[in-house]
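Several structures are given next for inspection.
In the two complexes below, subunit A is the common chain; its partner is subunit B in one and subunit C in the other.
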Partner chain A sequence: MTRHKKRLFGRSGLGVIAIGLPAAMFLLLSLGTPDFFSARNIANVNSQITALLIVALGQLIVALIGGIDISVGSVISLTSVVLASLSASVAVPVALILAALVGLGNGLGVAVFGVHPLIMTLASMIFVQGFALLIMSAAGGTVPPLLIALAKTNIAGLPAGFFWCVSALAIVAVLLHKTAFGLRLFAIGANAQSAALSGVGVRAPRLACYMLCSLAGAIAGVYLTGRIASGDPTMGEPFGLNSVTAIALGGVQLSGGVGSVIGVVLGTITLGLISNGMNLVGVSPFFSAALTGLLLLGAVSLQRRKAIGI
Partner chain B sequence: MWKTLLCASVLTVVAALSGRPASAGDVELLPPGLMAPSTTEVVPAGKFKKDPPWTIGMSWPGVGNTWIVQTIQEIKYAGSHDPHVKEFRFVEANWQPAKQVADIEDLMTHKVDALIIAPIAIDLVKAQVNAAAAAGIPVIVFSPGGTFTNATVSVYGGGEAFGRTGGEFLKDKLHGKGTIWVFRGIAGSGEEIARYNGLKDAIKGADIKIGAEVYGDWNYAKGKQLCENLVASGQPVDGIWFSGADMTRACFDVFKEIGKPLVPMTGEANNGFLRAWKNAGADSVGPIFTPGLGPAMVRAAIALLEGQQMYKSYYSDPKPVTAANFAQYYRPDLNDAFWFPSTLPENMIMEMFKQ
Partner chain C sequence: MTDSIINEPALRSRWPRVLGARLANLPISYLGTVALLLGAGLARPNLLQPFLLLLILRQAAPLGIAVIGQSLCIRMLSLDLSFGGIALVVSYILTSGLLRLPESELIALCLLFGVVVGAVNAFFITRLRASSVIVTLAMVLILGGIVTALSQYRAPGSAPPMLRYIGQARIGIFPVSVMVWIAALVPMAWFLRRSVFGRFVDAIGANPRAAWASGIPYIRTIYVGHILSSLFAVLSAFLIVGFVGFGSLSTGADLALNSLAAVILGGVTFGSGKGGVIGPAVAAFMLMFSFNLLTSFGLGEPGKEMAQGAIIALAAIAYAARGAAPAA
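And then the complex of A and B:
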């Protein structure tokens, strides 16, 4: 039996854990706390997971080729300080260009110079974080009002985060499933050598994946900065590892070739529900962090190490 | 005749005092000397009065050192010992700005009657404070340096006052002239920057030069490494300012190991530091950043819900631990994790911090 056949939905990576965990949490929280199922709280959860979902989608793209990018958190921080430091007209383009450059650096390191993705993105994470602190040493600055409105305005009763999520999901889903580029990513991730022997270019897609992941970090940074209405040089710190956790919970294999947009959504919701649910139930915040670790451990323990890729 | 007049006067004063309306001065968040109102502006009596029992929510930035652990204990003690507080809900953001925003939203969803926020950085929670204020929820905000305008009540301390105390100590010891090294905390932290600003403020105008400035992350191990490097570099130093005393203890050890005579170094009011100060025979000062700031915010929330009149802001800038008053503070019977002054009862202190 191949590792793919063990899964319910082939190369999507979706399995019992990925689907069952958020469903069980949703059910338990609905029954356990009256505030959970309120429209206000559902909107809160949506707003709270939006940035993580966007970053996790970027992480999915990198994971599909067997890579990992832990520098996305620093890209969020860099985006935040750029947005809060520069004038509104240039802030977003500059942030996106800087993010693309970070991704290009990561991609060159991994795809051209053969540096291990963990080491490459760890190095860029530290560099970019330092750069963000150089630009702005503490939280503050002025965020363009348009960005605040884009992150906080409700449309037809739905929070702005909902539209950010739907847009990001649509773009990544089309990219992965309706383009030749997406097909190449699955091929490279499943077996880069045979993909190359079959005439599939490997370097350029790998490079593109890291650039797309960094751009996802920048877009998440735009949303988050608008939502918090302030720049912060350390805003993105937890997102590097949280995005890896989210995709792992969603059944994405870090060894490459297996994963799905739906899985990322489920993994992100799981993480979001842990934090929101614990707050609503009134469980010790320290237990919440421990539970996240336990769930991740449980999720990966039920898969073979070789299949997970770690 | 005189006796009659005296009695009449006393009775008049007593009658006047007992009949006067409750004033903002009646609310004591911490004992005098530890905290005082810093404005004449008041929150009117009854503005947030609500029938008990109450649910009070508190958003805390994160954990990571013994001061925070003790402060959280003191907050929970204060929150659980008022019979009118039905539920005291405490959430912690793990130093993640996005999580702190989410935590505050979750507390509001839980329909708290009062909200207490100790922000990672003031700018990060402005929107949430405004939202809570718009919903009619009294918001008590801790700030390391200055009044937070949209909060119902601001409590501030540490930060600039802490840094200034150390800076003034060095200015005094160096007679306004010399070279100092500066050991900062974690880059980007609002509290850290406020402390540093306090130092700069204290030495402004003096002939004191900052010869070296490093980030020791408030950490003993990193502080020791940095201190070793600086001592090995041979850079001149007449005094050292520290943003936190774990780094001071590290530098005490480095100077001792190398055999270099100690220079004046700043610390803080922590039992472990006072022990190290005593053992090293150092020339130091311990700015006080009392864990009582946490319970003070809980008391402010309760006072607002009781409908008491309060001042808009309170400031904690107590006199530091010095060589002269050292004995009043140092507790050889307690371990290094104890911070001064505490609002916990003595039996709890002994239970938690006994050596």
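And then the complex of A and C:
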């Protein structure tokens, strides 16, 4: 029983830092800032982290197979400009198809041609960002009213972002823990060669992971665009790196095979609390970027890997 | 004796194939540069004037210098994406007037800063075994965040005269910055080819475990590599600040990504233990030339970004298709 527990704990990647850091931040902010517990601020934090959580869940899926996708930020930007420049009836399907295509490109490069995931997604990040700027050079356009309502309407006193978060979490949790696909991802991430020798198909799940990650980016883009009620070709810029930071803080091993949905939630909350805390205390948001960097360094240092290098 | 064994006609009939294989193994940057020059010759002959080519060479000098460091890291199976952060801090130290020191001391301080950043990167990568991608990206967040926040209180100003001279002056028609590039490139190429350190780099790149088991000073080599890489980034920032003439919060923003693109185009690949210094240098010129060519076709910034992304992806796929095993 203990061994079983230990194994479960090991595969989830949850540890003292992943759990302790958000708890400490929570405690510090609730003691230090009187406004922290106001319903308005909590709703604010929720809205701020919704998009990051959705992207980080996509990043988790890719990280589980030992990959990384830094192009999700550009996918968010692309989604935003597509939604703001096409008619309401076709905008969402087109945005999702484009995102799936970006994911397919990434997946083909990595799984079929053997390009390092960082290089492949870096290339697509630059390409897709250029494409987004080509469609719309500056923020603007009109967003379908339905999307704005979906992102902004409160239901039963709870902000819309809450429901987006819960839906995304439920889908990814079921996908990872209740399906054969999810099990395969853990197997591939732990040891791709062993998985392949055991009869687990490696190529198709890898392709699917990159497509799912890009789709997560598109869904985050739909939410953000609805919330801001305008298209922005550089909206997603910080999300590529922030999503990696969030999952690293949540104990997800970037070398693959270890990670959990709960860890991603905790990592995302940590990042959200940092920027919210900085706001409440009145510190320059640029220092919060520096603090995020420091936390990222700390989080990855605690995940001592076998190999040195990329 | 051996002469009689070799079947000469057979050898002769094989040479086109050997030559073809050699050409196919050349870095993409060589063939790409030739193709671009030919394309420009047909479509935009004006771009091939010696004066303009030298101007493009001068534009490529900062990137070329950063590329030396990046290719060194990639040859060791590491990566350095912290160039943007380093360039930003160097620009701020040199131009903000925050530190009222003589020019030479500011330059020395920047070099010292480069050594420290390189050592910190290497410490996290080797001792704590953190991913080099994450470590160096986190470094960009930290350095960029601090400089951007500080700039609210004291904006960057103009560059020191000596660096302006290096960045802008010419001797004859030859830009000084290109001479600095060559002065950094040639000794480094020689050093990596001839020195024991160069052999260590190749051994680690080819097979880190075997290198470790053979008693190669793995950690020390990575330390030296990352410190050199950061120092080249500092040197590159000197040229950018000198060329532009003043500091800015966008100094060196695309240095890391462009250097990565140039290294891939230059034939240095992860984990092969192969790769020279000249291929990536040619790739730096190739990238700058292609940006100028695209501009001459009226392609704006978005088009350039798309072309840049496509170039990196295609080059990486081409190299990977030559025989690397699928990665994660």
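Methods note: the second predicted complex is superposed on the first by the 294 of 310 C-alpha atoms of A that agree within 3 Å, B and C clash if a C-alpha of one lies under 4 Å from a C-alpha of the other, contacts with A are read in each partner's own complex, and residues count from 1 in each chain.
As a working rule, contacts are C-beta pairs under 8 Å (C-beta built on N, C-alpha and C of every residue); 3 or more make two chains touch, one makes a residue touch a chain.
Because the structure is a prediction, the values reported are computed rather than measured.
Superposition of the two structures on subunit A shows subunit C clashing with subunit B. In the superposed pair of complexes, A:Ser230 makes contact with subunit B only, with no contact to subunit C. Using the contact criterion defined above for the overlaid structures, shared-chain residue A:Pro144 touches neither subunit B nor subunit C, since it reaches no partner.
Using the contact criterion defined above for the overlaid structures, shared-chain residue A:Leu280 touches subunit B, although it does not reach subunit C. Shared-chain residue A:Ala111: touches subunit C; no touch with subunit B. Contacts of A:Gly182 after superposition on the shared chain: neither subunit B nor subunit C is touched.
Between subunit B and subunit C, it is C that contacts the larger number of residues in subunit A. In the superposition on chain A, A:Asn41 makes contact with subunit B only, not with subunit C.
Once chain A of one complex is fitted onto chain A of the other, the partner contacts of A:Ala289 extend to both subunit B and subunit C.
Residue contacts after overlaying the shared chain place A:Gly73 against neither subunit B nor subunit C. By the document's definition of touching, neither partner reaches A:Gly217: not subunit B, not subunit C.
In the superposition on chain A, the residues of subunit A touched by subunit B in one structure and by subunit C in the other are 133, 137, 286, 289.
Interface residues of subunit A facing subunit B in the complex, by the touch rule stated above, are 35, 38, 40-41, 44, 47-48, 51, 133, 137-141, 152, 224, 227-235, 237-238, 275-276, 279-280, 282, 285-286, 289. Contacts from subunit C toward subunit A in the complex involve residues 76-79, 124-126, 128-135, 137-146, 148-149, 152, 208, 218, 222, 257, 260, 264, 270, 301-310, 312-313, 316-317, 320-321, 324-328.
Listed in rising order, the residues of subunit B touching subunit A in the complex are 60, 63, 87, 89-92, 94-99, 101-103, 105-107, 109-111, 120-124, 126-127, 187-190, 193.
By the touch criterion stated above, subunit A contacts subunit C in their complex at residues 65-68, 105, 109-120, 122-134, 137, 189, 192, 203, 206, 241, 244-245, 248, 254-256, 284, 286-294, 296-297, 300-301, 303-310.
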